[in-house]
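Here it is, the structure in full.
Letters are used for the chains, namely A, B, C, D and E, taken in the order the chains are written, and counting of residues starts over at 1 for each.
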Amino acid sequence: MLAPYLVGLVGLVLLPAAVTLALAFTEYDLVNAPSWVGLDNLVALVDDPVFRVSLTNSLVFALVAVPLRLLLALGLALLLHRRAFGVGTARAAAVLPTAVPEIAYGLLWLWLFNPLYGPINQLLRVGGENGLTALGRTPPQWLTDPTDARAAIILMSVFTMGETFVVLLAARRALPRDVYEMAALEDATGWDVFRRVTLPLMAPVLALLAVRDAIASLHFSFVPAYVVTDGGPPPYATTYLSLFIYRTGFEYLRYGYAAAATLVMILLTVAAVVVQWRLVRRYRGFYGL
Amino acid sequence: MGGRASGPPPLPGAAGRVWRTLGAAFVVLVFVPPLLLLVSGSLTEPGLPPSPTPHLVPDPVSTAGYRQALEIGGLLRASLNSVLVAVVAVPLSVLVAALAGFALARLAPRTTATVVAASLVALMVPATALLVPRFAIFRALGLTDTLVPLIAPALLGTSPLYVLVYYLAFRALPRDLYDACLVEDLSPMRIWWRVALPLVRPVTAALTALTFVLTWSNFLDPLIYVYDRDLFTLPLALRSLSVLDPTNFPVFLAGAVLATAPALLVFVLAQRRFLHHDDPTGRDRP
Amino acid sequence: GTGSGSSKDESGPVQLLVFGAPEELAAYRTLTEAYEKARPGTDVQLVEASDRKDLLARLATSVAGGAPPDLFLMNYRFYGQFAAKNVVEPLDERIAGSDAIDPADYYPVAMDAFTWGGKQLCLPQNVSSLAVYYNRTLFTKYGVPEPKAGWTWNDMVGTAIAMTRDSRGVVVKGTESEGAAARPAVHGLGIEPSIIRVAPFVWSAGGEIVDNPDKPTRLTLDTPVAREALKNLVDLRQAYGVVPTDEEVEAEDDESRFANGRLAMLMSSRRSTTTFRSITDFEWDVAPLPVYQKQVGVLHSDAYCMTRGGKRKDAAWRFLEFAISEEGQRIIAATGRTVPSHIGVSQSPAFLGPSQPPRSAKVFLDTIPTVRALPTVSTWPEIEDVTAGILENALYRGDKLDDVIRDLDQQTRPLFARGEHG
Amino acid sequence: MSEPGLTLDGVSAAYRGATVLHEVDLSVARGELLVVLGPSGAGKSTVLRVVAGLEPATAGRVRIAGRDVTSDRPGLRNVSMVFQSYALFPHLTVAENIAFGLEVRDTPRAVARERARTAAETVGCAALLDRRPGQLSGGERQRVALARALVREPDVFLLDEPLSNLDLALRVEMRAELRALHDRLGATMVHVTHDQTEALVLADRIAVLRDGRVEQVGTPDEIWRAPASTFVARFVGSPAMNLLPADGPVRPAGEAPPGVPAEGLQIGFRPEAVAIDRAEGAAATVDRVEVVGEDAYAYLSLAAGQPVVARVPAARRPERGAAVQVGVRWADTHVFHADSGLRYAP
Amino acid sequence: MSEPGLTLDGVSAAYRGATVLHEVDLSVARGELLVVLGPSGAGKSTVLRVVAGLEPATAGRVRIAGRDVTSDRPGLRNVSMVFQSYALFPHLTVAENIAFGLEVRDTPRAVARERARTAAETVGCAALLDRRPGQLSGGERQRVALARALVREPDVFLLDEPLSNLDLALRVEMRAELRALHDRLGATMVHVTHDQTEALVLADRIAVLRDGRVEQVGTPDEIWRAPASTFVARFVGSPAMNLLPADGPVRPAGEAPPGVPAEGLQIGFRPEAVAIDRAEGAAATVDRVEVVGEDAYAYLSLAAGQPVVARVPAARRPERGAAVQVGVRWADTHVFHADSGLRYAP
């Protein structure tokens, strides 16, 4: 039963990935045969200011965006897991941004973030005068100020938590009902129910999603940065590892070098995952399995 | 706990319902307006100088964008390809993921641990790292410039994440149920089909919808593996519309709306059918 | 598996990798159809990418994967990395053996841009240069004289200042526009802070942008002339406020701003023409670039390149011949998007035809003799990206010029060092 | 009745529109232990769920300690409950499960754990405190569920068959514990069981439920001595009471109540009341004999075919096929209306 | 013993290294009904799970119908089982649940459904065929689980407390049904229960389990009349057998077995054997009286403080606090070694 998956896993991911990672130790331009350079690429990365900036950007992004995404998805899943008028619509709405093709989604945000005409800033300017917010501050310069641009990218990625949301929703709905009745009898507060029942029962799924999000945050930042900010504002405010790798590998044809960056990225995620996976461990033997 | 019902308890809570409805309304308010802009943008007359401010109600309302999107972008043909890919890839993908997840839940812990670890590693690999080697593999198999490479990720359950989600879901089923099946001499395959799968229906619904969305919006794969314009999928066609000059923006937006609609529809259907229709035990009341 | 794959490759159609917006792609489709019709039995498959990045990704993976397209179309600024890596098949012998193509029929500047190591690697399909698009209606309204050939940088600055107006039509200085002050309703000039926009003015002032155009090792913007040209550019925003702020640019790009009648002049290549042809609210035209000492333009040109790893080189060549030939050039010229590289075609009504704006289309041709190419270095794309960021901050944030020049030099040196030259 | 601990006033309840409780009236005094008896599916669990607030009452009122809680959420009702399905938290250890109710009420952790340990000792599962529910046997789980209910001191205990999975010895012990606890705390308890001994021994009063209606409420003695209907009569006692037409084959000895025998009446007598060794009585043959320890149950057929069961000492049980005489006395006999099944009051 | 239906030869089993079955030997003849009795956590369910193949035996052999199945997978063993937790499939209706085992064995659908209906009728849940388990009461679920096991004709039926959640009346009925079915099919059955009446009435033989070891196997009569140890003696029978030092306060009437009384021996007698109204006997006071229908149990204290329980007719029960005489006869008395608890054989 596992066979097709294993074929896919090995043939489509692990093997190709291994090839790419092997190329991290070569000088390879995608065109001419790779030549072995050992650790040169990795050494060069350490000195590469652009790489360092992208690495920092990516880490900051992951640290902020992943918890935000998870929290939002979990909050929505818990809010919307039960029936009530409008809940179905809200579920669809929450998934909507994920359903919009990425390119269109990026462009949509370009509009929303438009510093002068964008609805977000127009909203922020409500009540203010002369293009200032009601608090007398200039509204965020979404696309031209480095900090604001990073925030914009995070905001965009937070909105596409549809996948996480849906998985959490399904997980929440699969939980046994009588234990919730029990908790209700004990007059456990919403917070207690959440902390003592829901959270631990959903912990395996949450941990998995956290791991996945931490990993994928290195990817989600790609399209927004690629389409919306193009790595800017200058010099490299929103140049993330993914964009760095893509550019170096495919635009500048330095595939070996990009592979080395990929290797670093994977090593970092492995470290993050190992830490997080302990969480799952703790809850092993859950349902008496 | 064979009869243990799952899903939300029907606590009396008119107040709770009101709150949930309010929450839902808030969610709708936050998530929907941007997409209304998308729709209204798509209904703007193309060819006019781009307006700096998006208008909620375009003036004049025009469907020319849609007509042109279909013509220039070859969206019809592309949709057909996308549908073709989705029709094959989505069921296949869900099937693979469900089978693999089930196998993981039932196999010896050591095997499971190995495969789970491998899946996690696979999750960590960025898509860009796979393009070139995969291209070489598909070329060696003579599959470039066909739709097969677009369907191939189904072998992986589209994302190892989905396999792991299934794994957790199957693992959480009461062990007695599996035991009851063993006593009846069900093959693993039939346990999966007759008992395990029906019991994780919300998961299947959710993952089907997600798989569809992911497959439907897959952009990188067709970009690399498909040359023939007749094999272009929707995201690729949309991509070509995205480089239209600014006066033709409505055309692009129309394309985007057309490309979004099916994904949304699938999700709405999935959540109607399974997520909404409370739990399979039928314990829930309206 | 493998066998069927490769045999299919050799017999199949000629693959041509291009990018462009749908209308552009439609033009190429017309071209290939015309070819297939003219030469029955031939088969050309257009492999369409939507922008340069997509094209690069496709090209790179397919080359690496061992199945490159037979032909691809690429700008001379970017082909260097492929040329340096031996991906491109030299065409000299085939050109020599061809009776459809005479190299003398083509603008030499374009032909030269695509020679690498003394060999003609690709054949250009178009030649373009920067021009100044201007809103005639607006000039007439405010009674400001229109730009004309031979005008100087200072003329341009003066014109731009005179054209920067608020909503009541009063001349304003855009530098006050930060914060509370009223923003100009019309800006005088749109220009993109990039090395390709800076280069022609440095040249015009008698400077160079690199130390050795054939084998560059560094940027030479620190020379007094180049520095002056750069300073003047930055002053457009920092001193005179005639170009929109970065915020304004993000809010509405220059092309849209021009199309909406709120930008008096825009420095751009031939590419913008198609977009502007949809303008109905006002009349517009083009003028040559202003000069410092002598008229210099910067080359924009794309060419057909044949991959070395292609499986159907002869067939590919036959198509290339057709595309570059007068017949093919006419078909492309009809789209209006490009200036044909074929001298004859470019001077024919096919290109100059007055039915569509700009009236002064000849401006594009007139500048060709003055046009210079950017250095061909395999790392040029990286250099452009790096410099763009620095220049953007110089123009919009007003970074100190000395720092800017130093950064430009320091950050590009390793790139030049890594680069290979043709 | 003294101060009410729990009152149900005309309470109805329904699942998906199918009414399963029909205007149930019940009143449990403070400190009383009420046992709810009834056949499977009669609505016993539903009564508890309605009291707990887990199912809404479609009609009627529920009062706990004098307070109308009909529309309060479960947590406000201050009840503790043993679920028939146990409802243990699968992710918590036994100790955490038991302490749950205390901890969410902000009892200091140490105190909660200590009380959990005490409760676990009461039900004899102190050795299991660190296990998870999945690692327990059925009876062990049930004891944990019981301990979890007992650890608190609520207004009302609701126990849904809390001892059903325990062996007899343990059950007797638990039963005594429950009773002691009840007496010590003066707690109001509603206890669902299908074990009559448990009901008879434990209850202050018994409520017999049938198809969602209360058939009779009374002390164990009343239920046993004066069942209000043939249903109650046959439901309580095992083997069930023998029922025969009043004017039928068996004619009890002694003086008949006024108006009996008559047509349309039935007499009932328990197996314990049947003597098969006396000379007088109706003739019957022994079909089958069941021995339960010191007692034996003889399943007899009267000449006319009606079955009668008699309890006899195991040592003196008849042989299968033997011919015996069935004798009872009016003093041990109950009279019912044949059609309504209700007790005949002369 | 005739042809073996099921044999366990020195079977051990463990959960995560903790051994819970210690070399259990059991042999069930073909067509025999063995009841497994034992306190909660003794390993009863584990025995069934090992027989079914759901837990591996860490030692020993399991044979079904003469075939060694120790390493066969569960499906090959041809057993059917009622799980203590029912293990109903929540997504299937009652009818589908019952027919499940047939359908997966490719019985034609119509036949399967028909047999499911018959089985449902047997256990009295024919009206529920279209419901899902979540919509059933506890007892209804249990009956469905039973029906699911009964619908097939396996080599061995394994029933884990299949009647624990049923009311007494229904249980008596089901018990009879089970016995009838057993007799009709000649099926080999292993039935776990903690209801002694059920055990005594139903069983061909009873196996008493204690801490994963078989304490005694015998016919109900043997278990009752000659318990092999004080554990068995006290475990079977309710209230439990009285145990006193053989040379203690109570001196049975009649002739003592040879060697008794002596130090290191205990005598045991059941509450039913105690007479409290005779003149001779040990003096005791009544602590408490429990009335269960026609019977009453008097909890007494001897002068020296030891407790004794006596069963008396409810009608003639003593008052609390009354002074009575405890009398038994040697004929009703069991003798055990005080230290090992084993039965004393003179």
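Rule of thumb we're sticking to: contacts are C-beta pairs under 8 Å (C-beta built on N, C-alpha and C of every residue); 3 or more make two chains touch, one makes a residue touch a chain.
Everything numeric here is computed off the predicted structure, so don't read it as measured data.
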Set of chains adjacent to chain A and to chain C: B
Far-end chain from chain D, centres as C-alpha averages: C
Leading chain pair when contacts are tallied as C-beta pairs: A-B
Most centrally placed chain - per-chain CA mean versus overall CA mean: B
Chain A-chain D separation of Cα centroids, rounded to whole Å: 58
Intercentroid distance (Cα basis), chain E paired with chain D, Å: 21
Cα-centroid distance, chain B relative to chain E, in whole angstrom: 55
Euclidean distance of C-alpha centroids - chain C vs chain E, Å: 93
Residues of chain B whose C-beta touches two or more other chains: 1, 3-6, 9, 11, 52, 132, 174-175, 239, 242, 279, 283
Touching two or more other chains - residue numbers and ranges from chain D: 15-16, 53-54, 73-74, 85, 134-135
Overlap residues in chain A, where contacts from two or more other chains coincide: 30, 114, 116-117, 176, 178, 181, 184, 249-250, 255, 286-289
Of chain D, residues touching chain E in the complex: 15-16, 37-41, 44-45, 84-85, 135, 137-140, 143, 160-161, 164-172, 194-197, 200-201, 220-221, 224, 234-240, 270, 272-273, 290-295
Residues of chain E touching chain B in the complex: 49, 52-54, 73-77, 79-81, 83, 85-92, 100-101, 104-105, 132-136, 141, 145
Complex contact set, residues of chain B against chain A: 1, 4-9, 11, 16-18, 20-21, 23-25, 27-28, 31-35, 37-38, 41, 52-54, 96-97, 99-100, 102-104, 107, 115, 118-130, 132-134, 137, 152-157, 160-161, 163-165, 168-169, 171-175, 188-189, 192, 200, 202-203, 205-207, 209-210, 213, 217, 219, 234-235, 238-239, 242, 252-253, 255-256, 259-260, 263-264, 267-268, 271-272, 275-276, 278-279, 283-284, 286
Chain D contact footprint on chain A (complex, rising order): 176, 178-179, 181-189, 192, 196-197, 200-201, 203, 283, 285-289
Interfacial residue positions of chain B with respect to chain E in the complex: 1-6, 174, 176-177, 179-180, 182-186, 190, 194-195, 198-199, 201, 279-283
